[in-house]
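Starting off with a structure, shown below.
Labels run A, B and C following the written order; every chain starts at residue 1.
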Amino acid sequence: TVASGLEGTTLGLNTLLLLYGGALVFLMHGGFAMLEAGAIRSKNAMNILLQTIMDAACSAIMWYLIGFGFAFGMGNQAMKKWDDTRGAYLGSTTSRFIGDAMFGLARYKTHFTGSGTGKWVDFFFQWAFCATAVTIPAGSVAERFNFNAYLGYSTFIAGWVYPVVAHWAWCPTGWLGYGVNEPVFKAGYIDFAGSGVIHMTGGLAGLIGAIMVGPRLGRFDADGNPVEMPGHSAILVVLGTVLLWFGWYGFNPASILNINTIEYATVCGRAAVTTTLAGAAGGICCLFNGFRRHRGWDLVGMCNGILCGFVAITACCHVVEPWAAIICGGVAGVWFDFLCWLLLKLKIDDPLSAGPMHFGTGMWGVFFTGLLAKQEYIREVYVHQPSYWGLITKEYPYGAFYKKSDGKLLGSQIIGILAIIAWVSGNMIAFFGIFKLFKALRIPPEVEEIGLDRSKHGGSAYNTGNGPTTLGGAPGN
Amino acid sequence: TVASGLEGTTLGLNTLLLLYGGALVFLMHGGFAMLEAGAIRSKNAMNILLQTIMDAACSAIMWYLIGFGFAFGMGNQAMKKWDDTRGAYLGSTTSRFIGDAMFGLARYKTHFTGSGTGKWVDFFFQWAFCATAVTIPAGSVAERFNFNAYLGYSTFIAGWVYPVVAHWAWCPTGWLGYGVNEPVFKAGYIDFAGSGVIHMTGGLAGLIGAIMVGPRLGRFDADGNPVEMPGHSAILVVLGTVLLWFGWYGFNPASILNINTIEYATVCGRAAVTTTLAGAAGGICCLFNGFRRHRGWDLVGMCNGILCGFVAITACCHVVEPWAAIICGGVAGVWFDFLCWLLLKLKIDDPLSAGPMHFGTGMWGVFFTGLLAKQEYIREVYVHQPSYWGLITKEYPYGAFYKKSDGKLLGSQIIGILAIIAWVSGNMIAFFGIFKLFKALRIPPEVEEIGLDRSKHGGSAYNTGNGPTTLGGAPGN
Amino acid sequence: TVASGLEGTTLGLNTLLLLYGGALVFLMHGGFAMLEAGAIRSKNAMNILLQTIMDAACSAIMWYLIGFGFAFGMGNQAMKKWDDTRGAYLGSTTSRFIGDAMFGLARYKTHFTGSGTGKWVDFFFQWAFCATAVTIPAGSVAERFNFNAYLGYSTFIAGWVYPVVAHWAWCPTGWLGYGVNEPVFKAGYIDFAGSGVIHMTGGLAGLIGAIMVGPRLGRFDADGNPVEMPGHSAILVVLGTVLLWFGWYGFNPASILNINTIEYATVCGRAAVTTTLAGAAGGICCLFNGFRRHRGWDLVGMCNGILCGFVAITACCHVVEPWAAIICGGVAGVWFDFLCWLLLKLKIDDPLSAGPMHFGTGMWGVFFTGLLAKQEYIREVYVHQPSYWGLITKEYPYGAFYKKSDGKLLGSQIIGILAIIAWVSGNMIAFFGIFKLFKALRIPPEVEEIGLDRSKHGGSAYNTGNGPTTLGGAPGN
């Protein structure tokens, strides 16, 4: 029949959205790999590339075993508690904090999950996000981190730290998200594609790692002044930036999860527009801010600014006006420059500036959502969802900047920021602390001098010779 | 209901086409960046990378402020003028030349635009095309252009030159396009994804820039003979070519804008086929033509040939037979080789050959459309559109090569070529002329010697040292 | 009407699946190009890049002329032979072996093809697969193969060797595939996206080439011990791996060909999940296996392991459980390590290990399908197809590991393996043998010393100088 034909086509459409969207998000791994390799010294390039690839692989296994379950597993029981007075399905108290089903994708056919419709593709799409969160810190601890500690940390974030945050914000049984059952302030925290859930989490983990592992040898001179340690390839930085930009068109627009209504399609398109404008504004602000300071046009600075714009808009790309996106991205670029300056003052060495970029501008994006999320747009996103995961408050709280706002949304955003900071720093300080206690956090100085590639990974990323013949050859001879 | 469910799914489908299609078109920026960086000397690599990134960012802001409005803004008024005798909506006289609404995306909910259905995603998709047009000239003026002049020029094309051409050819109220109201010769100009609108515009702007800025130092010796200046990385050239190839599958097939009918889906698939075959033919012709001349298999030549095939087929990928696509691409490759030879004879230095490639083979593609566009295929594309943007002539003029063609289409194509040349050259000669008058078009010879990267961008694209330690290191030491 | 509207939307949806899926598969060319260039010495980089680009272009022309016809052309006649007793359309005896229509896309509007619904996009999607099969062997014969022989071989595989295998396994009139008319053992061979059809074919062709052309000069020392010939850029290896990973999300999930039913959408999502898990498991196994042997964390080893996981799961990604995918990929990684060791023992030099990776783990994947394909999932994939291409046996044979399996599927898989080996080795030994007879298979030793780039392709992939000026410059000076 036409109705069942439509059902199939609709599911197919939503599956396609998440399939290619997830693939784009995965490609951001390629972007991170190139960006990070280019932005550090070549003697550690293989190390950081391996970490990125390993993050993708380990996170997949951890996501299968426990991560997806902790994040989105709802179980049968949770969904059965229909509460008439509140008109919503209610989870157990535990389930407000953490998911409790679907480990190893067990019973995925009968169990309900807190993400989208088609379960297999949901798992895939959400994994790609998890992998992104896991790989963000690599840049902060680059060039001096112990590889075993990295392996442990990667597993720990993928299986525990990130899934719990994702559950709070994005699973209907969580306690934090907008439109979940009984959210904070009867409003809830809006974070569309994860300025907080992903970027703050990853960036803060990295920043804590950078502080605890200490600066690279020679990063600060005897007087404590920073010594430039430029990356080895601007080409790779640009390639990485462009791949990340490309991937962000999966990250943000596809986070609508379904695209089969006029509202969802509208939101999806708007997310692409605001994302573009925020990134552009961030890049331009950083370019001119850099010119103001150095009288030079800084390529890497512009790339960073663009990425900051993307990080910031990720929380609210679906619910802000285009002009607001430009403000969001532009301020993110300047805010990032300030944070980088601050870190150097504090003698913290974050080679990729992943702390300022992902934690700093991610936090700004979450906060900004509380200011300029527009009610009309919020309705488009959330109005269809009550039937699916319980009743949303009829008030649809919105940004404090708009008239008659009760500020509940801004309050929720701040609660979200504080909760993420508390959870991530608590976990990561403990985790890194244990490694530090056993002196397993940092590589020995002689290894750092030689470089991780030669010491631990059997060679160099670049081989200029051409094997047993002395003829021929490039690059570099 | 099923009907409203279908409406949502259909809009979602078309949105998805343009979302991922636009993302692919954006990725062509990555392709251009890698191609251009690889094809020039490494001392100017950061300069050209920054230009490419900046093009993407500046064009987004300009497109938001004025570009989209000039190109596709139709306003309420334009659409109200229904003319019974002609059976079409008619715009004002002004609106035949330029769009007049939607600046800053104002009133995008009530206003009509000349592109697709879902407005947000249309803006995004069309921006990606604009960004491509803007970045094409970078290759022509590489290695000696003043950065400020580039910044100005990038803004000028994105906000003024390109949008007007796009309006003429693609907006229903324009005067040039096939199927617009009252087109030239009652036929109109067919340019599906922009062999003319984008590639001729970008390529001609670049060519004019290359002529006005003059050749690179040492490009021609004392006797006026060209001196080879090979690019610094064939790897990057290939990477760029493959990314462009990949992106072209968004550029061409997704230009159908809607994919929810059997005809549109057919056209979309055909565009992918003809694009592939034209690129393949262009590459193979250039490879063998190069072998004929040099007795060597030229990698960069083949890459150029492929791109020429794509540029040429872009105008007509939706309405030609596969064998015609092979002819179109193959001739484009040889025509490109000839134009490159001609430019050197004329002592014009176009480092990336962007003039011959984009302007030259773009022009060929537009002309070819007038020869071999097939009526049956034209109907598939345009038959549904009268109800949407007025009445198309019932005759559906087609290629002059086919029997009984009245040649009106070929005439329209030639008019289109002339109009684009006149508009772009008029604007760009004036624009570059002003900069030249103030001696702000070209960098000083000493900067050109040292390279732009070291002079203006704070260093080199490659850093072979490894920071403060003298141990370790690669590439190149 | 709603029904015809749905028909259009559904076709559009399936077209979109294949359009972007095909584009992703094409991008794997970029992945192969980067991977292969990075994994060999820089003096031959341009040679292998040109081969990859040429494979894409030549395969397109060959696919248009004859390949698609041999693989999927069914003709009118074949489809007319409805056999009532067997309840299926039956082809001619010839058509069991090879397709016989649609050469040069002739009569594509009235003729039926053995692939999907929308013909143009099917041609495109299937071409992208053909191009992959063609380019796999480049790695095996790298650094010493005659370019003319390569040109011939590329054409030969694209137009003859690969299409015939594809016809056997994937065309309804073929003799081998699951669900074709009257398949072997009344079961048939399951190979969803081509572990056998593509990877075994390409990998075996490469392996035979590697054996017949002999090892690179200096690859084995006087005592027959292997001498390391490391690739020149780990960055390119990682970039290639990530692009391949990304592209595999088109390769596998989009191979469902249609996504407009709940079953197809489910299968498509599952394919993305199992692909991810298998690749992850392969990579992790190779990483730890490498550490066990060398006490070092091997980046290139991990990349290879990931790709092996993908190759293996390609046959069965649609019909296995996630835990089975992990086993499939993990074993593939270890099996690959063993095969590489074996090749060195046999003094076979396969620079990219394309033989072990594509042929070896592809074979494992096909075999594994016979063990762990799950009946419930098989039904999801094949249950809708009888009405389209004849009757499937009602028994739906499944993996031998599951209870009550009759082992028919495993038998079919083994038949498939043997058939592919026989066909490919018969053809390729003859083909390479003729070239060898005329001493046109291998380049002269002096060319090998200097490198192919300088000898045949007019230079080096990297130019460290900066043209006529001696100032400036990078990389490497």
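Some points to look at:
FYI, a contact is a pair of C-beta atoms (placed from the backbone, for glycine too) under 8 Å apart; a residue touches a chain by one contact, two chains touch by 3 or more.
Computed from a predicted structure; not experimentally measured.
Superposition on CA atoms relates chain B and chain C by a rotation of 120 degrees, given as a multiple of 5. At the chain A-chain C interface, residue numbers used by both copies make up under half of all numbers present, so the two copies contact each other through mostly different positions. Centroids built from CA atoms put chain C at 33 Å from chain A. In chain C, the residues that touch at least two other chains are 2, 6, 9, 13-14, 16, 20, 239, 460-464, 475-477.
Against chain A, in their complex, chain B makes its touches with residues 2, 5-9, 11-16, 18-20, 22-23, 26-27, 29-30, 33-34, 37, 45-46, 49-50, 52-54, 56-58, 60-61, 64, 104-105, 118-124, 127, 147, 233, 236, 239, 456-469, 471-477. Within the complex, the chain B residues that touch chain C are 2-3, 6, 9-10, 13-14, 16-17, 20, 24, 41-43, 216-218, 227, 229-235, 238-239, 241-243, 245-246, 249-250, 253, 259-262, 264-266, 268-270, 272-273, 276-277, 279-281, 283-284, 287, 294, 296-299, 302-303, 306, 322-323, 326, 449-451, 454, 460-464, 475-477.
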